[in-house]
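Each chain gets a letter, A, B, C and D, in the order it is written, and its residues are counted from 1.
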């Protein structure tokens, strides 16, 4: 009984770490740049595929490809924000109008990125084995690669939070999240900050893709599936709350793990049910303002 | 300025008229110099994973091969005609697939129809093909329910193996011979999974194998640890995971990580692909799956595999579906050449009544009354495979060749499965 | 020019044009090819989804992504009732079931605004899909359902009928005081409530009304698909496409979403058949460009040119 | 006779009492002013009357009938209309439609399209906006938007009109016009309860004034009495 409870908790945390990382990225993009990025899952896919290609073609350690994936997706995200979304933002008559149009534009991005990936890599499923052996913790056994993924996700998540709270540019980002107009007046280069945020959000997704590829099979059309879970996490934690997303990821992981140990075919229904219940009871999310 | 707005209106009108016209104008049929084959395939969307790895590499190899010999000999025209493929993208949507299928039939008036991808798509497409009297030899997709529909679908010929008709009785025979007593079943929560779960429930107890666990998982479930833990606790001899690669790969990874070593570990459809081997390396040793043939099966099979996989990574190998898809094209070509024209009714007649040579050997369809047919299980060269020394071998049980004459086991079943190797790092 | 302008202001002429177009459409099976009927059926399906989505979104500003849910409910209703009921009652039943579900969902989601409402409705599609899947597997044990295949011309007639009823409903709603009240809700819900508008009831009812048409469209389309399981019926594409089509065409006029849906669906058909390998790529680029350069949709752009032309002409004269 | 009565009306936001145990009454055809420093709870009190929020605890009666727990639209149809502190006109709708909405939905009886059009024209004339019938409400100046809000509220045929800071931000001439408007509304037989910061105006038009401070009613009486009240002067000077 105790072991199975421990199993549920550990499995929940392992899955939750990945959710948390992806959700933080999406929340950064929505919270600051106000773009509900439907193409967020595509950056996960890009991260995963670049890692897979590096590992299988050149034998590069998946963990090392963090330094390759990070800059690549950052630059892509940065450029997209500087061109597409900046142009939409300046021409939008109102905030809600921008949120609507940017969401739809990101939908277009999803199509484009996915099709390019299909052309480059084909539609086949890919997988590789990395650190796939069991680790025993108090009777509960789980895969080493997922523990690695969890540790990295948590470290990156916390490092990012410290960056937001402690550094000058981090403070500028938070100021912009609070109030873009005032931040602009106070000497923050708002366009730069937004592009930075979007790029960093993409990096979170890309890195999550790196870790994900170590544990699960990957394919070019995987993005939307992860996006849906990410959306749930973001709302669960509160739109615009970075720590909320972090915690929300773990909560959803735990819920999923608990429900699938009882009735696996209901795990996803449970996600949506809890998510919709929360929306009704507390739409601002757990840590939302 | 008046001109500008009028110009605009006129050009807009022109565009609209042109669009309307292009709806109605059908191209006149030119003299017969090729055979046009139409397909609605999932080139984008979630099913692209299946389509791209299953039937697509087959037709992309098979058609150029046939065309290199000049094509198909059509006695009506007294010459060889090359095959031209007309492929549309149904974006993995059934509604779009049904529409594009009718476009191929009605507007493009293709000579022949080749199949859409996936069981539910076949179910959607078959009644339409039937309605217009087009023969449909399927590739991906097949299920027990098709047997109920077959009597009313005379133009449908199903070639892929599926649960009760082909695979599970053979599996049950193998397991029973080895002395398996208990089995734990995990299945994907869709048409495909429910079917296997049901057939396991019938066929395994027939051979005295008790099912001690029967769990469904939704198609997008990521975390298999709770399921594997439950299976481990059940202590079953055989672990049977029936899903797609999306389920089989994580189930395998989790089994290795948790050190779950049942005596039989089956992962169907998923473990039969090359990428399963590249993903797990030596750990695949002893894993069971559905398989039809490998290079040792016959010289014809070796030739096919060499042609199909030459210069390609191991990832794209498929020892289950590929030979059957290839055979379905072989039998289609043989039948078309026998007919010598694009007459669908004659083609149906030949397919329904004749034994024809394919890569499998003599191949024919078992007909359901006046309806359609399933590829005869006696034509199959294999049903169950096992990874042995890094190769996927076809396995069987004592006396299987007596019931299935084409069947050729290429190795003996290894029981129990060796333990997962210790971590390499 | 003045004549043309004057003519276009005459509502009676609009009625006449609509009627002529309608008669042309209704008699399509007599002169159009069989595939034209099928293609137009699919396009009208998109038009119905787009217009009924717009019916709720345009005045109120509530962006719903539940279209696929109501469409899917219609499909499933037909799959279950199709053999017991004649075609028309089954289609209406599909609409009614969607209507009732939308009433319940609407009543629950009243509090939600903006992106929260959007995400909730998106989750609804997935929730219904997974619950139905669970139900089919564990309770009824059904492995997908076959739907009776209908004659394509019958399907075309029914879907055209749904379209006409929808357009009349939308036209009357826009003109009525309730249309005015819906717009006031979109502008400022609080002020509307204090002016005596029963905001909640009106919102929920309109939401359910739009769901009725989505459900009816789903029910009739199911007879074209012949085979239905939860994954087939609840496809998120059916939530997103109507939104994109409406944005593409614009929403200011009664006819703008129709134009958006027709042109969009036509482009899609061309891409799927002519450039199947690059469908998503080209589609994505068109989408991004449309959003960047057509903030008020195609119709908005045309009207802008049109008005600019008129203005400059007046200056010249 | 009191058309509006409140007993022990209280409203907490979090731990803070925005309105605390306030008793009040407004008599038929009276103009009652509600004043107090910023954050005194004036708008919150209005919100409880118009049913935007429910008092807890507390009871509000309109023409002897309990209205707490009703919805805003119900209260409106019973005969209570309001304007807003921060203007809430329907920006993208023409002025005329703004007013018509009130007569369509806010009245107790159904009204035909022709009647409501006539009504709306009269009311726009009454507040001096008849020339701007087709202008979008969002394009009006602030003072005109405030007039529009009054016309829109009147279209619901209220017996009691709650006016929230009609004169903030207006110049002297405009304030004088607004004062005239308020009295002429009363002359139509409509009771008025108004929040106002412009002292000259409130002293000029009100029959009676209530003073709120930190959610508590600290004074009530004629303009004269309130102006000379020691507590009131202290509250305002103490700011």
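Here is the rule we go by: contacts are C-beta pairs under 8 Å (C-beta built on N, C-alpha and C of every residue); 3 or more make two chains touch, one makes a residue touch a chain.
Just so it is clear, the structure is predicted and the values come from calculations on it, not from any experiment.
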- Core chain by centroid distance, with centroids computed from Cα atoms only: C
- Of C-D and A-B, the pair joined by more C-beta contact pairs is A-B
- Note on the structure: Taking each chain's mean CA coordinate, chain C and chain D are separated, in whole Å, by 42
- Centre distance in Å when chain B and chain D are each reduced to the mean of their C-alpha atoms: 73
- Query: Can you give the whole-Å distance between the Cα centres of chain A and chain B?
  - Reply: 35
- Can you give the whole-Å distance between the Cα centres of chain A and chain D? 49
- Query: Which chain A residues touch at least two other chains?
  - Reply: 114-115, 118, 265-266, 268-269
- Check: chain B positions touching at least 2 other chains come out as 43-44, 189, 216, 218
- Message: What's the contact topology between the chains, one of line, ring, star, complete, other?
- Response: other
- Note on the structure: Touching pairs of chains in this structure are A-B, A-C, B-C, C-D
- Listed in rising order, chain C residues that touch chain D in their complex are 177, 180-181, 183-184, 187-188, 190-200
- Query: Which part of chain C faces chain B closely enough to touch in the complex?
  - Reply: 1, 32-36, 38-39, 42, 45, 130, 133-134, 137-138, 141, 143-144, 146, 149, 152, 221, 224-227, 229, 231-232, 235, 237, 266, 272-273, 276-277, 279-280, 302, 305-306, 309-310, 312-313, 316
- Task: Would you pull the chain C residues touching chain A in the complex into a rising list?
- Result: 61, 63, 108-109, 111-112, 114-116, 119-120, 122-124, 126-127, 130-131, 133-134, 137-138, 236, 240, 243-244, 247, 277-281, 283-288, 291-292, 295
- Item | Interfacial residue positions of chain B with respect to chain C in the complex | 1-2, 4-5, 8, 12, 19, 23-24, 26, 41, 43-44, 87-91, 93-96, 98-100, 102-103, 106-107, 120, 123-124, 127-128, 131, 143, 145, 149, 189-191, 194-195, 216, 218-219
- Residue positions on chain A within touch of chain B in the complex are 4, 7-8, 11, 14-15, 56, 114-115, 118, 122-129, 131-134, 141-146, 215-217, 219-221, 225, 256-257, 260-261, 264-269
